[in-house]
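Down below are the structures I want you to see.
Next come two complexes built around chain A: one with chain B, the other with chain C.
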Partner chain A sequence: MTWATRFLFLLLGAPLLVGSVLALAPAFAYYMPDGSFNDPLNHSSNHPAGLIPPAFVTLVSTPGIATSAMTSLLAGLLTPALSLVSVYLFLAATQTRRAGKLIAQLAAPVLAIPHAAAAFALALMLAPTGVASRLVATLAGWELPPDYLFINHPNSVALVLGLALKEAPFVLLVALAALPSTDAPRRVALARTLGYRPTTAWLLTVAPALYPLIRLPLFAVIVFASSTVDVALILGPSLPPTLSVRLVEWFVAPEIEQRQLASAAALLQLFISLSALGIWLLFERLIARAYATIVARGTPREAYRVARFEAVLTAVGNTLLPTSLVLVLMGIAALCLASVGGQWRYPAILPTTWSLQHWSAALSTWQTPLFNAIAIALLSVTAAIVLSLVTLEAQARSRAGTASLSTFLYLPLLIPQVVFISGIAVFAERTRLPPSLLLVAGGHFFFVMPYVYLTLQSGYARLDSRWLLLAKTLGASSTVCFWRVRVPLMSTQLITAAMLGLTISLSLYLPTQILGAGRVPTITTEAIALVSSGSRGTIGTWALLQSALPTLCFMLALLLPRLIWSKRKGML
Partner chain B sequence: MNTGLELQNVSLRVGSRQLLALSCSVAPGEVITVMGASGTGKSTLLAFIAGFLGDAFTAEGKVFLAGKELNTVPAEQRRIGLLFQDALLFPHLSVAANLKFGLVRKVGESPEARDSLIKQALEKIGLAGFGDRDPASLSGGQQSRVALMRLLLSEPHAILLDEPFSNLDMQLREEIRTFTFDTLRTANVPAFLVTHDLADAQAAGGEIIAL
Partner chain C sequence: MGNSFTRTFFEKTRLIARPAIAWLLISFSTSALCQSSVDVDNWPQISAEARGQRVYFHAWGGDTALNAHLSWVAAETMSRFGIELIHVKLADTSSAVTRLIAEHDAGNTERGSADLIWLNGENFSALKRANLLFGPWAEAQPNFELVDADRFPEMRQDFGVRTDGYESPWTRSQLIFYYDSERLIEPPRTAQSLKTWLRENPGEFTYPRPPAFLGTTLLKQLLIELTAEETTADIETLFSNPPNESFDAVSAPLWAFLDEIHPYLLREARHFPQSGAQLRSALNDREISLAFAFSPNEVVSSISRGELAPSTRSYVFESGTLSNVSFVAIPNNAPSKQGAMAVANFLLSPEVQFKAATNAKLASEPVLSFENFTHDQQAVLLENARAPGAVSPTELARKIQEPHPSWTIELEREWLRRYGGGR
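Now for the complex of A and B:
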């Protein structure tokens, strides 16, 4: 292991450990019988033995806490399950067809849209007075919106859908990146010569080989979905909200008891997220066993049943994921309409009157949030790129192993954000670090780093080593090799890594809100603060503002390499 | 005292398996050819001479260039040029910038002098006026010629050729082979060719060592 790798381990590991400990420790605080307060963080006087810390008593007796926890657990399991099923069926049904490749290209821009904006878009599509309902009403001649509850319903359908809409494209892109190493076309061809139909053949031969390659990202989806705050605030149930939302409410409350309660809730959140992971692992085993049984039955001969099964799988695969992508993009279009709409009477499909008041209102307050968002994104991404390059370059020169580090880098994605970040906030308070842009950027770094590092790592792995040998035999030093050969030849990956990092940072809500203590507003925190306003126009405007920069980054990632290398065909 | 490239009792091993053992020397302007089927350690031998030997290999013996022992000299200071199977023109640089990449920097030399040097070099390989071109727009034969010229401009004291013609089609192969060996003879540097093609070895016109 090189010194740079060690340094990175420490830089990521120490705050993760300190943050998690500090998030959980206040839960174990006691009031002494004489009324004094015994905080385990301040002095280690002995606790009254055998007593349950009061914060846990309060937590357990909080109304609806079991429902909150259960909602988080279910969201943590159903979101990845729905994402995985839709992606697998899509890949199985489309395989090498051109239509499938075109649809897959829609996934990348959807990935660039922030979670919150996608949640707003979904709400605007599927609410009782939403665009979908208006379309049906126009066709069916309804006068009044249907009476159903979608957003904030206790059954959390909207929450899971909203999360899956964003996570499925992520899983799809991860799966597409891993797919070439599974040798899919040959596996399918072999299974077909043995009598399996194409979709079934893919599911039986490629799916099991692909799964281990996308497993770690799926774990990140599980933890994220079970502990998300922004999407839960917008789409999740309100009576009671998810555990993560309540945790944040308690954490930002001024009373010390609430802070301890938040800490106990953080422990519960950690338990819930780990439980979701544990249950997922259990299902992995059950499904693996079921697979073994199905495969052992051999080639099915009952042509009618096989054909029907194949047809259903193919139909679902062809529609589920494409529909969800189209839903988000239509929702963004609906947000555009809402942002320039005045009155919008039901069941009109377009706003009845038009107005620019939402934009003019937003434009008068957007400068500071926009500046903050860009500054935080640039700081955290620059740090992530520099550190990644230093580490990778040191590894490349010493030929040391890298596998352990890339797994370790997933850690910030496998500990619930809300737990780790609230601990970092406690640390900042204790060390009298005021909430600042720099502190927020530091928090963003942890979530940007894994993606930046993994992108650049694959760039390092893919670069033909002969380029560097050649440069050396022409007399170039290691420094010259890096700047004049490595960096230009990897420019596309560098741009991708930077834009991916910027997109992630620009969309992050929780680290910004908690570490900035509300004093470092960004476009994202402002947009989410408007949830309660309930004004379709205002929300639409801010959701679009929030999506604008990530979308720009996404387009730059595609265009910049083409612009820079327009005269060098070999680079594209 | 030898002014060429000399290998003294070189032996290469992977673990306990011996790949090859040889001693030889090449004088300036000569080409020595090492022939053998794949897996006999030809490319490993070149990596050893150039200074890129991987951790998996153990090497014994000494390499001398113009009488100086090279074993402890880092690759970029050995002044040993390498010609690969592919032309490997840097795709991000123009043809002229590719040639300049290896051009030895001389004290007090003006940029204009360097430019005119590049111009002459391009004329020598029949590509006058190609300096600003994208290397991807050159034909395979043109790319090979630029690669060879880039190598010579770096003023190597010895040149290693790793099956340099095997990725060319038959007709081009003949032409590039003749061009390369003629140029090497004129440049008067010792050259070390590894190949599995007897025609390459014969065209090189020097000693042939079969592994």
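Now for the complex of A and C:
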């Protein structure tokens, strides 16, 4: 391990550890018989041994806590499953077809839309007063909206759907990036010579080879889905809400019992997220075994039988993911309408009056939040790129292994955000670090770093090292090699890493809000604060403003390399 | 968009405060009580010292109309008094209270992050008892006499807790009900008639899920009304004290009432709206035909924003509705106390009060007594009271005082215990 790698371990690990400990510790506080309580962080604890801390007793007796935990667990398992199935079927059904590539390009803008905005878009489509219901109402002549419960239903279907709408494009892009290294066309060709139809052939031969390459990102999806706050607030059940939503409600309450309850809930959240991972790993094994049996037994007759499902699988693959992408994009269109709408009563399909009041109100207050958002994003992304390059360069020169580091980098994504960010806020308060833009940027760094590092790492791995060798034989120093050979040849990956990092930083809510203590407003915190306003117009305006910058970044990530390499062949 | 801002502010303040006093006392027994050398009776000196100060005003930021109003106030305080007023827009006021407690916990007694906080009820009473507020200062303000507190005792009472000069009023609110007059001819005006009407019109009413502020307010309104029906006891005394062991008996009629109406609510009470704003858009979309708000001007301002139909009308229950006053307070670790006082005094001036009341999108209810406005201003205010959708001043005179803050906590806890876990 090089010194740079060690430094990175420390830089990421120490705050993670300190944050998590500070966030979880209050759960173990004991009340003394005289009414005082024993804070494990302030005193050497001398509490009665063997007693369960009161916070856990309260947690267990909270009405509906088991339901809340189960909802979070199920969301954590069903979201990645649905995303993975829709992406696999889509890839299998559209393998080499042009339409598939076109639709995959639709996924990029959906990925850039912040989760909260996508959740609003879905609610605006499917609620009893939503666009879908209005369309039916116009055809059927309804005057009043139907009284049905889908969004916020206790069965959480809407929550899982809303999460999968955002996660499937993420899984798709990760899968597309990893696909070339699986040598898919030859695998499919081989299976087809054995008599399998194309979709089945892909699912039997490419899917298992692709899975290990997209496994870690899927784990991040599991943890995110089981601990999300903003999406669960908008689409999740309310009687009772998900564990993560209740946790945040307790965390912001000022009284100490609630804080301890929140810490106990954070521990439960960690347990639920890890359980979701564990159950997923179990299913991985079961499915792998079943797969092995199916593939091994694959006699022509069996293959023929499976092929009867070919049509169904292909049809589902062709429709599931594209439909979901279209749903989000239609929802975004509806948000656009709402942002310039005045009166828009049910069952009108379009607003009956138009108005720019939402935009003028938003634009009159947008400078500071916009400046803060951009400054934080640039600071955290620059730091992440510099540190990634230093580490990767040191590794490349010493030829040390990197596997453990890339797994470790996923840690900030595998520990629920609420848990360790609130601990860091406690730490900042104790060390009298005032809430500032710099502190927020530091918090963002943790979430930006994994993506930036992994993107650049793949760039390092892909670059043919013989170019560097050639430069060295011509007498160039390591520094010259880096600046004159590596950086220019890797500019595509550098741009992708930067834009990906910027996108992530721009849409982070919890770290900004908690570490900034409300003093560092960004586009995202303003948007979430206005969510409580309940007005479609205001929500639409801010959701669009919030989506605009990330979308711009994505477009730049696609366009810039084309401009830079416009006179070069084979660089894209 | 948050309609008239007080109501929505309360909704977002729901989680705040109900702090465990015991813990506060323990935590702060070590932290020195900081009363810096501000002479509140020497107003010219305060004005002079306020010049050049930077005042962080922590106030809920979920209402664009209020945000715009406060940025106008900030521009004025800069040009008139040289005070840089910064509105810290909170998604939830509880974060300011939490931070204040954390700062004192960490021994920060002089460099607090907030200079002025929009507070109410439970959080005020808790912070005051824990000695985390600066004061008394409010009654030393030159503009305080304009509220005529001797005639309007609610200017010195925050949810039944005496303010003792630690808080300055700046706006007021009252629970009102509203409906679309094109859909509903005769809305229910008592709790009992609400129940009868709901049976005949299932799905046409709901309320925000407690502890959302507006939902809890309805619980308190129903509790007081149902108790008044059944008992001859003095309601005022009963609810101005903390609930005791008789809570179960006193609140029993409320839970029986809710059990009866829940099957007839929108979505059969399997999901409740999160806020009054969602309640309003449900009414606008004809999902429900009766809604309520904690601001007398809710309907007028919403009609002007196009969020409610012009045919919407509002009214107050026969036996009156809950009302209260909103206050601002200064933490005792605020670095710019003089600036904060100057801002609070400016918020009380007839000019700012009139501006906030006549801003069609904000339509805040003034705290000043009527005769302290100029004749021209009075004429405009009277004209506004006759606008379609406004509640008449005679109806608004039927006010019920807020019960002691601890009732709120108990009611919310019991509601969550009974209905919060789902079925």
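Just so it is clear, the second predicted complex is superposed on the first by the 544 of 572 C-alpha atoms of A that agree within 3 Å, B and C clash if a C-alpha of one lies under 4 Å from a C-alpha of the other, contacts with A are read in each partner's own complex, and residues count from 1 in each chain.
Throughout what follows, a contact is a pair of C-beta atoms (placed from the backbone, for glycine too) under 8 Å apart; a residue touches a chain by one contact, two chains touch by 3 or more.
These numbers were taken from a predicted model, which means no experiment stands behind them.
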item: Touching partner for A:143 - first (chain B), second (chain C), both, neither; value: second
item: Partner chain(s) touched by A:378 [first = chain B, second = chain C, both, neither]; value: neither
item: First (chain B), second (chain C), both or neither touched by A:489; value: first
item: Partner chain(s) touched by A:179 [first = chain B, second = chain C, both, neither]; value: neither
item: Which of chain B and chain C A:477 touches, first, second, both or neither; value: first
item: Which of chain B and chain C A:346 touches, first, second, both or neither; value: second
item: Partner chain in contact with A:469 - chain B first, chain C second, else both or neither; value: first
item: First (chain B), second (chain C), both or neither touched by A:525; value: second
item: Larger contact residue set on chain A - chain B or chain C; value: C
item: Doubly contacted residues of chain A, that is, touched by chain B and again by chain C; value: none
item: For the chain C and chain A complex, residues of the former touching the latter; value: 1-2, 8, 11-12, 15-20, 22-23, 26-27, 56, 58, 61-64, 67-68, 71, 88-92, 94-99, 101-103, 105-106, 108, 113, 123, 126, 203, 209, 266-267, 270-272, 274-278, 280-282, 284-287, 305-307, 309, 416-417, 419-423
item: Parts of chain A lying in touch with chain B, wherever the complex brings them together; value: 399, 466-467, 469-478, 484-485, 488-489, 491, 565, 567-571
item: Footprint of chain C on chain A - complex, ascending; value: 35-37, 63-65, 67, 128-129, 143-145, 147-149, 152-154, 233, 237-240, 249, 252-257, 342-343, 345-346, 353, 355, 357-358, 361-362, 364-365, 426, 429-430, 432, 434-435, 513, 517-519, 521, 525-526, 528-530, 532-538
item: Parts of chain B lying in touch with chain A, wherever the complex brings them together; value: 50, 52, 55, 75-82, 84, 86, 88-93, 101-102, 104, 134-137, 150-151, 154, 156
